[in-house]
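Chain naming follows the written order as A, B, C and D, and within any one chain the residues start at number 1.
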Amino acid sequence: MITYLEAIREAQAHALAADPRVYLYGQDIATFGGAFKATKNLAQAYPGRVLDSPISEDAIVGSAIGAAIEGMRPIVEMQFADFSTVAFNQIVNQAATLHWRTGVPCPIIVRLPSGGTPGSGPFHSQSLEAIYAHYPGLIIVTPATVEDAYSMLLESITIEDPVIFCEHKYLYYHLKAESLPSEALPIGKARVARQGRDATVVTYSAMLHECLAAAEELAAEGWELEVVDLRSIKPIDTDTVLASVARTGRVLAVGEAWPWGGVTAEILARVASEGFNLLDAPPMRLNSKDTPVPFHPNLWGTHRPTAQTIAAAARTLLNK
Amino acid sequence: MLQKPEGSDSTQRAANFSETYRRAYRWMLLARVAEDKIRSLFLGGKVTGGVFLGKGQEAISVATGMALRDGDIFAPLIRDQAGRFAFGESVVDFTMTYIGSRSGPMRGRDGNIHRGRPREGMLPMISHLGAMVSVVNGVLMAHRFQGRRNTVGATSLGDGATSTGAFHEGLNQAAVEKLPLVLVVTNNQYAYSTPTDRQFACADLVEKAVGYGVDGHSVDGTDLTSCLKVIGGAVERARNGFGPQMVVATSLRLSGHGEHDDGHYVLPDLKDSALGRDCLQVSHSHLLKEGWADQETLDSWKRDSISQVDEAVAHAMREPLPDPAREDWCAIASRHLAEGNV
Amino acid sequence: MITYLEAIREAQAHALAADPRVYLYGQDIATFGGAFKATKNLAQAYPGRVLDSPISEDAIVGSAIGAAIEGMRPIVEMQFADFSTVAFNQIVNQAATLHWRTGVPCPIIVRLPSGGTPGSGPFHSQSLEAIYAHYPGLIIVTPATVEDAYSMLLESITIEDPVIFCEHKYLYYHLKAESLPSEALPIGKARVARQGRDATVVTYSAMLHECLAAAEELAAEGWELEVVDLRSIKPIDTDTVLASVARTGRVLAVGEAWPWGGVTAEILARVASEGFNLLDAPPMRLNSKDTPVPFHPNLWGTHRPTAQTIAAAARTLLNK
Amino acid sequence: MLQKPEGSDSTQRAANFSETYRRAYRWMLLARVAEDKIRSLFLGGKVTGGVFLGKGQEAISVATGMALRDGDIFAPLIRDQAGRFAFGESVVDFTMTYIGSRSGPMRGRDGNIHRGRPREGMLPMISHLGAMVSVVNGVLMAHRFQGRRNTVGATSLGDGATSTGAFHEGLNQAAVEKLPLVLVVTNNQYAYSTPTDRQFACADLVEKAVGYGVDGHSVDGTDLTSCLKVIGGAVERARNGFGPQMVVATSLRLSGHGEHDDGHYVLPDLKDSALGRDCLQVSHSHLLKEGWADQETLDSWKRDSISQVDEAVAHAMREPLPDPAREDWCAIASRHLAEGNV
């Protein structure tokens, strides 16, 4: 059995072994192996290629950009996605614009340990994918499975653009797979994670598992939900979403991030404008509440969507 | 509400140094006892989220907290329990925040070290290192606008946090505005697992002061006497109009980064060096040696701390936890502008 | 006649005169009067209350937060909205969370000279309202008229929360009004800027004027567009939007910002989910292109929506 | 493509100093002529967007550009036209970017000083001050990974930009990694309209060096001889493994911040002081005084510069402007991942 976190570690190990251009840079990632152990033993196995950085997120990303210009393939780790706000300027204004301005690509990967876990509070729980997706020039991937964590990180290294790799901390230890995949869907393609005829649930990252649980719950009531895992949120595979809505006539978009302008808003805008005539009922969305992510598990469990609240929303949708 | 725990006078600065020292020791002891307790609750699964201790830094922190007085501002960081208590934080604020009580200052919305009472001069840290420096500056700018003289703002940082842009912008801003900011930088040899040679390249962090045009002070963080004198002196200089003061204290982190971390990477040589001394033990011995307290008194202080902490834990355990159904789930103060209300 | 820029200056002058808690802080805003002259003569008129800052956006906003905690009402100027990326962490993590975490409000105003002008290029043209709207805890206002620039800035000073004041540089000198208003719609209320029966165009800031011009163009063809000026994009006055769509049955959302997760996505998501049955045709949106804002006017004029492209989109919408 | 304008040898470091000085003067002159030209085009409404001149800083900039050699990296800032030319930027890259030509290096997408050819060692600045420092670091880290030895990376900053967090994080990073970074800070007394006393509080910016653990050098930016020696020396030290070098050059900005600004706020006292000397005139006189060039030669150099610039302007004017219909409007390199293509 291999966990989601181990898959991320294995992908980095593989990349270091296979590609001399790859190096890793971030706080506490070398001897210590990273706050979450996503780089455990890699500094020992690849001496000089896994480097501890100072607490300087701006400079971490800035230097990765310089190295990428010069032919390297840096993978940088933010200790938590939340701290990428300090690197924000380098990501959105330097990395994201370089290719468009000069024609020289900027192949860096910024790993963002994302999403909420109980007790982590407002500054160690954020899901920032929509923030980065709004800026032109970035690829945003959001793996929901062990297999995708592995294959999409490996594929990210081959991408010529800056990739914001949103890995979900809640999945790190709990989510397990039998083995690592040898084949994979490419980045940019969504996956129908569960087939169904009655409504389409569009989601990504950790919420996939809540949506699948909700689908189980509804199956017991005789409803068949189709669950689409976006896998990357920029680009969004609108075709797969629309094809599913064409079959079901109903759509619910679910995300763990804040509501205003999130992935779910973008999904609803696309479905409504491009697939209006496919819809038999108003499209719905479900997000976290519009407050910071709370510390206490009692609050945290209500702040984000869960299988129960998703199932409830789906029931409403199905009865419209 | 910020308050003074039992056994303390209302004024922090006693006539004689031994009295100051005794008081400082008691806050340090209370902090150590409180943190030991929260640690065992954490190990027993009674605390969610992280637990971060100030073990080995109590002398630095208490000297900061004690040098401040009413109307001053304190923005403590993760290793500042002793300073928090000295500044007036109650033990129940501490326990209720770790437990997440609805009636604690953070109401379960934020936890552990992310607490404060901004209206009473204690700013609640956000996690992003360095970010509190300029916030303290702003409070001090407000005081200047408001004609409130002779207040001081103090905040703490670690060696690692000196690498942040926020530290730099903040200290430079204070220097340009000649604000009474006291920045206490504790070089405890590690930032999480990262040793100082991966963090900065100057010989001593105090060498940064000149480049900002601020006073720099060095102090042995394991020695309470020096901490009280040097940090106390820096606060007085700030109060007397000499502008920002940067104190660099040296010590060794005597715990893991947090209690999820065993700190195995801390070099044995450092532990065995003078940096590795436990400031609480050092001051304990000093009290005995100087005859400022006898063993019996020290034992009674310890018992007193334990009972304060036990009571505060029991209090927090009785308090209601946050209830999602009673939460208003509104991030803004202007409720009429909440989405859905317009 | 008074310009949009002068209105902003007048509002600040008024606030300084009326409220001792107000002070201004930013780069070059004191003796020099600001890069755009939005604070011209104010340092002279209010000595000690209009301060030049170092080039330290993070500290500028951080200090404003501290001062607000202590009872002041700081108005800070970013020299360009684009540079607020450097202050990002203080805005979204410190200012936006303070009240929710502690119950103590954080009444600061961050003025963002926003939007494109010819020849300004990728780093002096950005429209970042959607970025800030995604985070909980902020109020985002986007005045499109001289009157709103004035009254909304004055009202912002009374708001207990951090206000991101997105003022549009393109309107600074060109947009003029007879006089300053004595009454005003409150923040949070949208305004029907032009009445019409055939379709609703929802927009804000400088795009209002392009939309009004497009409406003129279509009026000549016999179509009556209703144009809604959102005025603030957080909160969004969904009721006014839906009421208009209820009359027209059609909606086009127009924004100058990038498409992914922008204001237009949020509008479409709301209209589709809350007003689905009001719609006679698929909702549409029109944004800038998904690239950085180009320097050369030839490119810039095509990158953003214009009266022509809006009119073209409206024709498509009307013929659906 | 970066290239060397006419009249220069392929190697920048001549056997004797007079030859180096002459070459440096010619780049400075070319930069001055080119910038005067773009200024008049701007005043004539032929250039959109901002125009930012290096007037008064040519000596500093040229010394930086000339000290670099093939394989080195240069991240120039707004006042670096002389250094750009010396490093190899063609005059048409300059004119085509200001004009916005489709065939220029920035293809009309970005303009004026925001140009570069990253594959040829010249990084294109973004506007956000301080942000290029760590990017240069990254290039130098790449060189280290790739076993490319003895390369140097240079970048420029103003006094104002030292207040940015990005400057701080970048210089500290370079120090920790012991990178061959040369940071040339020009204190030209103003950041836009802001005088230095609202920007920093240290007596001299060079005092910052010790706090980063890097070498600090001071130089009179109006004196070409000193600039060549001090900046050239700093580059050599970086190349020889002494780690980051911080040079603080003093001068006065002899133009407005940009050409939309008349710089009325610049204090007359400063203009009249030694700082206010025009480095181009100073070096002009020096050439004559030392007999390194006679008036006739200087005149011919001037004519030569004018004709190069006129030609480059004419060239740029003939080039097609960007055509929105031919733009691909795609921000990313991986076209298969562009929205709409998936």
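Everything that follows uses one rule, which is that a contact is a pair of C-beta atoms (placed from the backbone, for glycine too) under 8 Å apart; a residue touches a chain by one contact, two chains touch by 3 or more.
Just so you know, these numbers come straight off a predicted model, no measurement behind them.
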Open item on the list: Can you check which chain pair, C-D or A-D, has more C-beta pairs in contact?
Closed with: A-D
- [ ] Compare the CA centroid of chain A with every other chain's and tell me the farthest one.
- [x] D
Open item on the list: Please tell me the distance, in whole Å, between the geometric centres of chain B and chain D computed from their C-alpha atoms.
Closed with: 45
Open item on the list: Counting only Cα atoms for the centres, state how far chain A is from chain C in Å.
Closed with: 30
Open item on the list: Could you work out how far the Cα centre of chain C sits from that of chain D, in whole Å?
Closed with: 36
- [ ] For chain A and chain D, let me know how many angstrom lie between their CA-based centres, rounded off.
- [x] 40
TODO: Hunt down the residues of chain B that sit against at least two other chains at once, touch-wise.
DONE: 106, 109-110, 114, 126, 128, 163-166, 169, 172, 176, 198-200, 330-331, 339
TODO: Among the residues of chain C, pick out those that touch two or more other chains and give their numbers.
DONE: 53-54, 56, 58, 82, 85-86, 89, 93, 96-97, 100-101, 122-123, 136-137, 234, 260, 289-292
Open item on the list: Tell me the shape of the graph of touching chains, choosing from line, ring, star, complete and other.
Closed with: complete
Task: Interfacial residue positions of chain D with respect to chain A in the complex - done: 105-106, 109-110, 114, 116-119, 123-124, 126-128, 131-143, 145-146, 165-166, 169-170, 172-173, 176, 330-334, 336-339, 341-342
Task: Complex interface listing, chain A residues touching chain B - done: 27-28, 31-32, 35, 52-56, 58, 80, 82-83, 85-86, 118-124, 260, 289-292, 294-299, 301-303
Task: chain A - residues contacting chain C, complex - done: 82, 85-86, 88-89, 92-93, 96-97, 100-101, 122-123, 130-131, 133-137, 234, 257-258, 260-266, 268-269, 271-274, 276-277, 279, 281-285, 290-292
Open item on the list: If we count contacts the way the header does, which residues on chain A are in touch with chain D in the complex?
Closed with: 23, 48-49, 53-54, 56-72, 74, 89-90, 93-94, 96-102, 104-106, 136-139, 159-161, 187-189, 234-239
- [ ] Enumerate the contact residues on chain B facing chain D in the complex.
- [x] 163-169, 172, 175-176, 178, 197-203, 207-214, 243
